[in-house]
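The first chain written gets the first letter, and so on, giving A, B, C, D, E and F; residue counts start at 1 in each chain.
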Amino acid sequence: MEGWVALYIFMLAAFTGIEVISRVPAILHTPLMSGSNFIHGIVLVGAMVILGSAETGTEQVVGFIAVFLAAGNVVGGYVVTDRMLEMFKTSGQKKD
Amino acid sequence: MEGWVALYIFMLAAFTGIEVISRVPAILHTPLMSGSNFIHGIVLVGAMVILGSAETGTEQVVGFIAVFLAAGNVVGGYVVTDRMLEMFKTSGQKKD
Amino acid sequence: MIPGIDFIVPAAYFLAAVMFIYGLKAMGSPVTAHRGILFAGIAMLIAVLVTFVHPMVHGNYGLMIAAIAIGSIAAWWTGKRVAMTDMPQMIALYNGMGGGAAAAIATVELLKVIGGHELDTTTTVMAVAGGIIGAIAFSGSLIAFAKLQGWMRKTWRFGGQQIVNMLFFAATIVMGVMIIINGPDPLLLTLFLVTALIAGILITVPIGGADMPVVISLYNALTGLAVGFEGYVLQNPAMMIAGIVVGAAGTMLTQLMAKAMNRPLSNVLFSGFGKADEDGPAGDVSGDMKSIDATDAAIQMAYADKVIIVPGYGMAVGQAQHKIWELTELLTQRGVKVVFAIHPVAGRMPGHMNVLLAEAGVPYDLIYDLEDINAQFPTTDVALVIGANDVVNPAARKDPSSPIFGMPILDVDKARNTIVIKRGQGTGFSGIENLLFFEDNTRMLYGDAQKMAQALISGVKSLD
Amino acid sequence: MIPGIDFIVPAAYFLAAVMFIYGLKAMGSPVTAHRGILFAGIAMLIAVLVTFVHPMVHGNYGLMIAAIAIGSIAAWWTGKRVAMTDMPQMIALYNGMGGGAAAAIATVELLKVIGGHELDTTTTVMAVAGGIIGAIAFSGSLIAFAKLQGWMRKTWRFGGQQIVNMLFFAATIVMGVMIIINGPDPLLLTLFLVTALIAGILITVPIGGADMPVVISLYNALTGLAVGFEGYVLQNPAMMIAGIVVGAAGTMLTQLMAKAMNRPLSNVLFSGFGKADEDGPAGDVSGDMKSIDATDAAIQMAYADKVIIVPGYGMAVGQAQHKIWELTELLTQRGVKVVFAIHPVAGRMPGHMNVLLAEAGVPYDLIYDLEDINAQFPTTDVALVIGANDVVNPAARKDPSSPIFGMPILDVDKARNTIVIKRGQGTGFSGIENLLFFEDNTRMLYGDAQKMAQALISGVKSLD
Amino acid sequence: MSLTLGILTETAPGERRVAIDPPTAARLAKLNLSIVAQKGAGSAAGFPDSEWSEVKWLDTAEQVAVEADILACVQRPPDDVLKSLKSGSLLIGSLAPYNKFDDLKKLAKQGVSIVPMELVPRISRAQSMDVLSSQATIAGYQAVIIGADLSPRLFPMLTTAAGTLRPAKAVVIGAGVAGLQAIATARRLGCQVEAYDIRAAAREQVESLGAKMIDTGVDAETEGGYARELTDDERQQQADALAAHLAKADVVISTAAIPGRSAPRIISRAMVEDMKAGSVIIDIAAETGGNCELTKAGETVVINGVIINGPLGLASRCPLHASEMYSKNIYNLLGLMIKEGELVVDTDDDVIKGTLLAHEGSIVHEKFQDQ
Amino acid sequence: MSLTLGILTETAPGERRVAIDPPTAARLAKLNLSIVAQKGAGSAAGFPDSEWSEVKWLDTAEQVAVEADILACVQRPPDDVLKSLKSGSLLIGSLAPYNKFDDLKKLAKQGVSIVPMELVPRISRAQSMDVLSSQATIAGYQAVIIGADLSPRLFPMLTTAAGTLRPAKAVVIGAGVAGLQAIATARRLGCQVEAYDIRAAAREQVESLGAKMIDTGVDAETEGGYARELTDDERQQQADALAAHLAKADVVISTAAIPGRSAPRIISRAMVEDMKAGSVIIDIAAETGGNCELTKAGETVVINGVIINGPLGLASRCPLHASEMYSKNIYNLLGLMIKEGELVVDTDDDVIKGTLLAHEGSIVHEKFQDQ
């Protein structure tokens, strides 16, 4: 992928991120922070690739750490977000 | 550019387009249609490239037509949109 | 280090793409709309200028400038001259031109293949898809233009029309696939384009004038898509992004417009043949009742200088007085001058409206009598009639045979625009038809007085 | 034809990217928020599963599974066990882990260069940038975690602290640039990473607990960015998009949060040292007045089961009665039970509140006396006090030296949450301080009664 | 020669209104009418003779009657005065056509055109001439004010340091013009208002004022918006439903009427006895016999602690506004009949046809022809 | 032995209230007090003897006084009755301490503890004992009702087929408790209300009821929320500003008072003469001399067409609610002084200290000590 294309993707993604988050009520700030924290857990995918393609011992060690950390990001992010949003689930359903 | 990347760009652009247009009051429907009509006038850039790189006569003819049409799109789109939005300019300024 | 052409060109395109998105976004709110088109305009200028030094451009500058000049001047001239009411067909025309350009680009690219140039499958697919879509948008838009311009009065219809349309459309697709698989040859390419053009014509011809705005919007989205696809073909991300953004936004817009007309999109395109002309909101048989939705009504009021509210029995029945006062306050905050006009016999008891307005807290100095206000209607932008009927019936002035002939009424029909809130076709106390509802500048906002007042409030608020 | 790995993997990533965006969008509204995290969760699962068959993955499966298992279980266990009030530090912790992973990826990529692998400049730049950012987010987040968790009570400060921070930060950058220009060597790489980690620590250490949420949000955005950059390095568009979307959304969020605290972001990060702890809204000195903004207050009420509104003289002064009734209607429509509690001496004349509520059209059966309502406060989710002061002052119950001791009051302090609207620090008729405002479950909504009522209305409406 | 309009001083006991007020007199003068008036005609209404312009003052009612081409009055003038009216003249006012019809017949024979304002048809166009409406508006308002004055309680809810005063419960019987105005006024004062009427259409109207309708299951609306008399069964059904609501009421305003008949008896002695001590009944219908069995017209009686007031001439308690409205009504109706300074009675006009009782020596009104 | 509380039948002319109403009597009985009452004590207020429970009925006031440890009254009882009070007993009620103070001194010497309710301090905690507030609330409301009844016009704006009735312009003078209530009531009835007071704080209060404040540029608030007397200059300045507003008024409610003094003269004859015929002045201050020069207490006079009413005993026109509130006030104050069935007068308590005039044979109230 050439740099310009990456730039376009970054620009569009940034635009999307901003649009998606504007006009969010303050009470959702923390859950959203947590939710987006979970989403960047996608780094796990990269970490797996790194570890999966690791050849030297150092690479393996660092790769292992990367996967471990990323997995923590993913699972912890999910659990915490889910717990915080529980409250909205019930409220939202109550509303109907 | 490979197909997947194009797909990503298309996806993000579509997302952006949809986000940008949702929650638009009905009175802006026509001006917005006109405005977006202007924006796809960017086809002029493509037409120019085609004409500028045309080698055969047919290519020149078709390229010429393309540039002519695209220029019409651009200028007509702008003029019409601008006229329609004039009304909001004054109103918007009145408000302040 | 001085950046070279291979930096400047993509950077300019990138900038243009960002500005297009920003501009389009700005156009989505009345407050920033005008800024939006300016922004997009600048973006376009940048993109066009930089294309002159595009690495792939290496000749035909004269032709290029000539084509641009001719196209621009023609468009400029027509666009400036045309009446505000004729805008929709101009949009159709210019949009058609864009579609045509996309189709032309596809043609050239495919011609190049004939000339021996190699294209990978994805690119060919994109070129062909863009070509079909562009061609359909081109011919369809031109038909839409012709119809709205009055050049083509009749809406041709015949049995099995849909099947014929389908056949043409299918044929285009099949030829497109053949081009992709076997590569283009001149005959196939010509046939392919011609069939696509005919398909566009056939699809558009039977659609009635009232539905045209929706159709134009659809073609607009299609052109965007075509441009996006050709952008891929030319490996031009600015085109890709601008095109697809417009394609998506346009599709969204088409749906919103169809929804605002209370008709599903499919109905507009395929099954609504014929009906639309008779009862669509844009039908121009004088004497139709024309409805309006709350958002539009709200915007009309929000951008008015002066609004007169005329309450009647329906406001009492709907107990809408509090909401109406809220609306008044909102409008007043925006700088609109809003007053109330009370007809002597509005409601069902003397002073009925006063009681309600007092309950809602409307100050007395905003309340006018018939004699004091009637002279003001001609200079009023919007008269909002809420559940009043008999007391605003111009038959009292115009129709000597009417049982209310001679009764003084509130001359709302003389206002520049009149919006009437009522639930349906119910008559008033006198049980007679109301000429006001059929006036050209009257729009009906159907619904319960309180609910509609709330909708107007939301509408006005959404403008902030 | 059965799609091969080289189709499935990118297709799955693509799907995941779309779902991430959709999920994040859904999380932006209380109604769909829970659905949003579910969606994002599924996307993550897809992306992770498909990575096992990623063409570049060709070994170390055991290690991989072990690492995932250990990380997951640890995170699961801590995440499930932690108290709701401790959530912010957990977010910091998990976020730090993400940042660490990004830095680790950068390290491996740069190690590969040392090992002879070639990288183009752009990729190296991305790797280095992602590395710095990831490392700072890692160490900074861990410090934030430690502070919030109470493991690190002191906020170290010393003269010239900012300069030292700057130096470390600059050193990191310089080493990064050296790596890009000259290529990495083991020492440089190690130094580079260590400096970045220290920079993260130094930046975070002096920031007070009250500002931590903003800082965590910032590190969250940074991690997103780092992930996005490493995505480019690994040519993985899903990582790029998810990372950058989070980066942008997180930046936006950080700003919103700083705004909600009424402090510019720069103030939080650089100059606000020390002050924050004393007067910030999260400072836990019992006896602080804690303010709230209208949106949060609105949401609290919108999602409550029962709300009691306590009007006082301030409602009269602000003439907020109509707005308050509008708010009540809105809440009632959402299924919230809302009633009014009138204290016998609220206002400045007997029956003052009745007059106003009657004017606004509040039905009598929603209005309760002190004796009838006081028992209900403990089961009330939100007591909304509008411009009342003396009549809700618990000093009447608690402080025998108070001039109002012995006067029956409305026990709003016993409600689960209390929101008090008033303009500032003004006392009531009695001129005495109000203990209520310092209660743990009391939040002050500062502003004119009418304006705030309007803001609450807007807040509730924005939830639809 | 221009037309002469005569204005009388009202003589009925308690009557304080005047048929034409000074502003209307001035407007009539502009239409080229000469105005003659009996001295002191407007004083009771708050218009001393000094406030009038372009009026010729005469001492006696007879003198006015003799000079007048059009004689405007509020209530039917005494026979002596009527006798003095010349043939071809026109008498306009609330002439109580259902009452002592023979006297009017005599007058018709005298050649006097008779225009009883009560007969103005109830169509939108004629509303500006409808004295029943305009005066009933005042009566409905005034009844509530009297009720508030007589009641030993405050009407609105007040939460005070000395206890919470509960809002008064008001029941309005008959939701015609007066009843609706009573509802509105009672609600303004903070009462909880229930209303009751036999016409089905009244429900929507009552609710349009934010009050509640008492449902008894009886509907008796006739064409033209008036009510018909009820059958015995219906009356019982009505009574039972009402009684329950009255027992809880603090103030009752009763306005039920059937045009040209005596008022329906709706509140029985038993119902009153079930009511709370200190509650108040204002029976506007007292003038035509009262809706309550115990009403004494023009008096306030207290029975079992229930205060029953049967006001007479309610509109006269607001003579200024009442006269103002009354004058406008007459002016508007005369406006239909005066064309360029001449009296032109166009019997094709729906309003005139519906209102004109006698013309050119005979009874011309459909409804009264065979009486 | 339990305390005995005595309730008198009020004898002042026009007085219809009773100091303790049946519900309050029942609550007192629950506090272990025995209740004795003069026969018919509550009838005028709407509480016939049959409605009371646990009350011992006596024939004369003297008998009640003799038995009572605590004697509750609305107005100061006649001397004969006071004479019968035993030493150590307590008299509570509106005793007009500024009026005929010598009689009270005598009573104090008799060993009677005297608790004039008017002296209750105006602090938040004591508001539930404040009869001035509670009775003024009723007076303010009632004044507007009387005004509406006397006015020849309707108060609200009504747009009707017979012309538009303009809303009445009301001016309320004195924005104390009664004045504010008058403002609120007039606004309910649809008046356009302006108010006037010399205290600067009144502006916000007036505006908090949606009315407008008339600005005269005079401020005369003293500590404690009462007003001081004005200088001559100030009075003139006030008068000029007011006169302009009064000339446009349709109804004027005047409530200005200075505690313990005669009411300030605010509306002069000249001002009245400038007012419109048909306008109405309700001068609540009539009892203490009237705010209007022409007010005759207890009468309605018409001067130049301006109707001036000087009502006495306004609260007695709503005796039921007035007694209800009055009783609660007394109950709340007694509540401070009765501890477990015993009379305990804690002179450290701010409220008791501020209210208790005489105790144990001597005048103990600061303000009155040197009189």
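Here is the rule we use: a residue touches a chain if its C-beta (ideal position, glycine included) is under 8 Å from a C-beta of that chain, and two chains touch if they have at least 3 such contacts.
Predicted, not measured: the structure shown is a model, and the values here were computed from it.
Participant: Give me the set of chains touching chain B intersected with the set touching chain E.
Facilitator: Both chain B and chain E are touched by C, D, going by the contact rule given at the top.
Participant: Please state whether C-F or D-F has more C-beta contact pairs across its interface.
Facilitator: D-F
Participant: Measuring between Cα centroids, which chain is at the maximum distance from chain A?
Facilitator: E
Participant: Could you work out which chain's C-alpha centre is the most distant one from the centre of chain D?
Facilitator: For chain D, the chain whose C-alpha mean is farthest off is E.
Participant: Same or different, please, for the chain E to chain F contact, judged on whether over half of the interface numbers appear on both copies.
Facilitator: Answer same: the two copies use largely identical residue numbers here.
Participant: Hey, how far is the Cα centre of chain A from the one of chain C, in Å?
Facilitator: The computed centroid separation for chain A versus chain C comes out at 39 Å.
Participant: Return the distance between the CA-based centres of chain B and chain C, expressed in whole Å.
Facilitator: 16
Participant: Round to the nearest whole Å and give the separation of the Cα centres of chain D and chain E.
Facilitator: One centre to the other, that is 69 Å.
Participant: By the touch rule stated above, which residues of chain C touch at least two different other chains?
Facilitator: As it turns out, chain C has residues touching two or more other chains at 21, 237, 241, 344-345, 350-351, 355, 358-359, 361.
Participant: Taking each residue of chain B in turn, which ones touch at least two of the other chains?
Facilitator: 1, 5, 8-9, 12-13, 15-16, 20
Participant: Where in chain E do residues touch two or more of the other chains?
Facilitator: 127-128, 133-134, 137, 156, 158, 160-163, 165, 188, 190, 210
Participant: Under the stated touch criterion, can you name all the chain pairs that qualify?
Facilitator: Pairwise, the chains that meet the contact rule are A-B, A-C, A-D, B-C, B-D, C-D, C-E, C-F, D-E, D-F, E-F.
Participant: Within their complex, state which residues of chain C touch chain B.
Facilitator: Within the complex, chain C contacts chain B at residues 13, 16, 20-21, 23-25, 27-34, 36-37, 40-41, 44, 47-48, 51-52, 54, 56-61, 63-64, 66-76, 78-80, 82, 84, 87-88, 90-91, 93-95, 97-98, 100-102, 104-105, 107-109, 111-112, 115, 122, 213, 216-217, 220, 223-224, 226-228, 230-232, 234-250, 252-253, 256-257, 260, 293, 295-296, 298-300, 303, 334-335, 459, 462-463.
Participant: Help me check something: in the complex, which residues belonging to chain A touch chain C?
Facilitator: 4-5, 7-8, 11-12, 15
Participant: In the complex formed with chain E, which residues of chain F make contact?
Facilitator: Those in contact with chain E are residues 45-46, 48, 127-128, 130-131, 133-134, 137-138, 141-142, 145-146, 148-149, 151-154, 156, 158, 160-163, 165, 185, 188-190, 277-278, 305, 317-321, 324-326, 328-329, 332.
Participant: Of all residues in chain F, which touch chain D in the complex?
Facilitator: Going by the criterion above, the answer is residues 123-125, 127-128, 133-134, 137, 177, 180-181, 184, 187-188, 204-205, 207-210, 350.
Participant: State the interface residues of chain C toward chain A in the complex, per the touch definition above.
Facilitator: Of all residues in chain C, those touching chain A are 10, 14, 17-18, 21, 237, 241.
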